[in-house]
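Handing you this structure, nothing more for now.
For reference, chains read A, B and C in written order, and residue numbers begin at 1 within each chain.
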Amino acid sequence: MTALLEVRRLTVEFLTDSGSPIQAVRGVDFAVDAGQTLAILGESGSGKSVTSKALMGLVDFPGVVGGSARFEGREMIGLGERDLQRVRGRGIGMVFQDSLDSLNPVYSVGSQLVEALRVRMGLPHQAARARAVELMSEVGIVDAERRFSSYPHQFSGGMRQRICIALAIALQPRLLIADEPTTALDVTVQAGIIRLLKRIQAETDMGMIFVTHDLAVARMIASHVVVMFEGLVVERGRIDDVFADPDHPYTRGLLASHPGAARTWRDLRAVAGDPALEREEVIADVDGI
Amino acid sequence: MSTASDQAPVLEVAGLRKVFAGKRGAPDTVAVADVDFTLHAGECLAVVGESGSGKSTLARSVLRLIEPTDGRIRYRGVDVTGLNPAELRRQRRHMQMIFQDPYASLHPRQTVYRLVSEPWRVHRDLMPPDPRARVRELLDQVGMPSHAIDAHAGQLSGGQRQRVSIARALSLRPDLLVLDEPVSALDVSIQAQVITLLMELREELGLAYLFISHDLALVRLVADHVGVMYGGRFVEYGPAERVFGNPQDAYTRSLLAASPGLGESSASGGGPR
Amino acid sequence: MAIDSTGARAVLLPEPTRRRTGAALTFARFRRSPGALLSVGWLALLTLVAIIVPPFIETEANRQDLGLRLLPPFQPEHGLAYILGADSLGRPELLQLIMGTRTSLLVAVLSVAIAACIGFGIGLVSGYFGGWVDEVLMRIADVMHTIPSLLLALAVLYVLEPSIFNLVIVLAITRIPVYLRTARAQALELRERVFVESSRSIGAGDWRIITTDLAPMVLPTIRTVAMLEVASILLAAAGLSFLGIGLQRPDVDWGMMVADGRAYLTSAWWVTVWPGLIIVLTALAANLFSNWLRAAEDPAQSAQFIRPPRRRKVRA
């Protein structure tokens, strides 16, 4: 049985005119099955977000993508824009970190849902409207009928993110990529979003890739994890196994630096001096990007 | 034999209140309502809350970066609420702030040397005889390599920038540091480094910390006292052990329950040490 | 990429990256951009000529020789001075152009400099303080903005004598609002930034914040606007001189030369075309370079400077 998504030796480099290309992703492998949630865990600069964007063909010049990413057996890297557009949304859906940026501020949330349903699902207007309201309720918007005509800025962060999720699942994708969807939200709201995503996945058998830097959130939502560092995967496996007994020094350091793991701040001292966590802490000369 | 002023609390806040006037007929927003607390030298008071709780406004009001609507703020017995701009400027050298976003809080065009020595330009009488040497000392104290002295803020990573911010804050030898989510914008591994640095400095220099955060797990490690803020008020206030171990207020309890630990294994500690 | 494996610990070491930054990067991009090189080359040439040459040719340039009036160009037998032809009073076009270059550039640069300094300073103050200071200054700027600059120039120069000094002042005054609005808008945005709050927290006063924090950040935008304005002012000054109210002989600038040749457009085209051409080229050069510089210094636009690689698939 082929995996839903199979990524082999994915590379992304950004060309510059100030020096050699910047290697954001240096050869990453992983796979996701239907019904499975994979967490891509990494800190800033690890290449996790670039990886998720590359899967959807969202990396433009000066980025250059290489390697292979097969979705349902079909190669995505190097696919033409037309074909990519067909896959985006219906095959692979995406939810981003900034919900306010993801929605058009001048249209009501309802009309944005209707647009997606009409254009991509071919529903006639009335049916689309009804389905849109249904979706809004499904994701937990109270009084959906009335809030149909509200604008994105009139919702709280958590509610808005639910709208974005509704928009994504409206097209019934087989794979959902969530790029740090809860990072900007309060802790209490975060838990709700995670529960929502898990429920949707259970109902639709969707595969999910959850990109995050937060170990605890990854633990809550994913069954498998790949840990990324400086553009490479340094550890992979079932998340419970990896967290209970990490192999790579970076993963160990990451787990140890989580405040939940320490009893007093002095316990963090051991982590502070850990050379495995040393990255490009040299004074960088990188300009822009 | 200690005098009264030695034992005077570093910070005494009584009845602090901040109301933002509503625009165009909208009702006023009470961001901070009736907050009292006391902070002694060497102590760390953490103020926790979610967004909108008023904790950031509180931090800024204490330093009068936002003018309080009502209340008294006393620094070592001196009432700073009523001071005029010139007197306030003199007092500012004792109370410094570390901001949340290391990418926004440092001037993008200035060098590290300029950034750390700027406070002396404002308070000329505190200018050391050899400013460059003193900046190097401060950089060393915060764990920055001394060759960073001529780097631009734009060349530094988030953790490095926060260290520079700390060096800058320390240049005036303050007694009180107000830290507004000092590590929230940093990666977890860097957080550990910066928190360790802050705690070590507190011990070394006897500083008092007002530590604002939304991260309960972090606060548990650093705070002596904790104030839980909701809707501009302290719904709970007391020694850290008591607040975490035996929370009285319902909101505090829900906050603790929602904070993600590392699941069941967190009780036994994360990975091997 | 170097991997250091010592037994159980594999630590990843990044390659040391050598990268150009800041002024060095801008200069490297400059060297590779033909557009920028040409523009700057042209402007530099004009400036050099304007500074060095005029004293040597002044008398020669203003010498009227009615025997040579409306001499056609490209006739080497009359000497280098007359290579571009002669005007209606027999003065050599090339030398007139050179004299005009000095005047035109001087007027443009001075007007821009004065307007920029005043507009920048007032705009910063207005934007930073807000309140009634801002209201008053903006209303004054509004009034200035509503009066058509040409009309204002006409009125002022009619009352006062037309001279280089008066022309510069009038042009400067009419263009102040552009810089004022730009500086004010930036100051309004920047004053809310955290690094300004950080300066306040160390005790910095308003004036220190304006001069050391805000001014360096607004300066590049003002610089860009100023360079674009040089082109506009060049054209405005030329227009005024063309109308006969800018300068009077013996001061000569490009606009005046265009005006002089108007009557002979069909019979002696060179009298108007050469000064017209030089106005266009100079305005174009200023515009091109200004736009290029803005793009070159903006990290977000760095993609356009990357030379696309030869077509080859990157396979890991």
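Basically, contacts are C-beta pairs under 8 Å (C-beta built on N, C-alpha and C of every residue); 3 or more make two chains touch, one makes a residue touch a chain.
Keep in mind the model is a prediction, meaning the values are calculated, not measured.
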{"item": "Farthest-lying chain, centroid of Cα atoms versus that of chain A", "value": "C"}
{"item": "Between B-C and A-C, the pair with more C-beta contacts", "value": "A-C"}
{"item": "Computed distance of Cα centres, chain B from chain A, in Å", "value": "32"}
{"item": "Centroid spacing, where centroids are CA-atom means, of chain B and chain C in whole angstrom", "value": "47"}
{"item": "Touching two or more other chains - residue numbers and ranges from chain C", "value": "21-22"}
{"item": "For chain A, residues contacting two or more additional chains", "value": "280, 284-287"}
{"item": "Overlap residues in chain B, where contacts from two or more other chains coincide", "value": "155"}
{"item": "For the chain A and chain C complex, residues of the former touching the latter", "value": "9-11, 13, 15-20, 23, 26-27, 61-62, 64-67, 78, 229-230, 232, 234, 248-249, 275-276, 278-280, 282, 284-289"}
{"item": "Chain C residues within the chain B interface of the complex", "value": "21-22, 193-195, 197-205, 208, 212-213, 216-217"}
{"item": "Touch list for chain B against partner chain C, complex", "value": "60, 63, 65, 85, 88-90, 92-93, 96-97, 99, 101, 104-109, 118-119, 122-123, 152, 155, 165, 168, 172"}
{"item": "Touch list for chain B against partner chain A, complex", "value": "50-51, 145, 147-148, 151, 154-160, 187-193, 195-197, 199, 214-218, 220-222, 254-255, 258-263, 265-266, 269-273"}
{"item": "Contact set on chain A toward chain B in their complex", "value": "43-44, 186-188, 190-191, 213-217, 219-220, 243-246, 251-272, 277, 280-281, 283-287"}
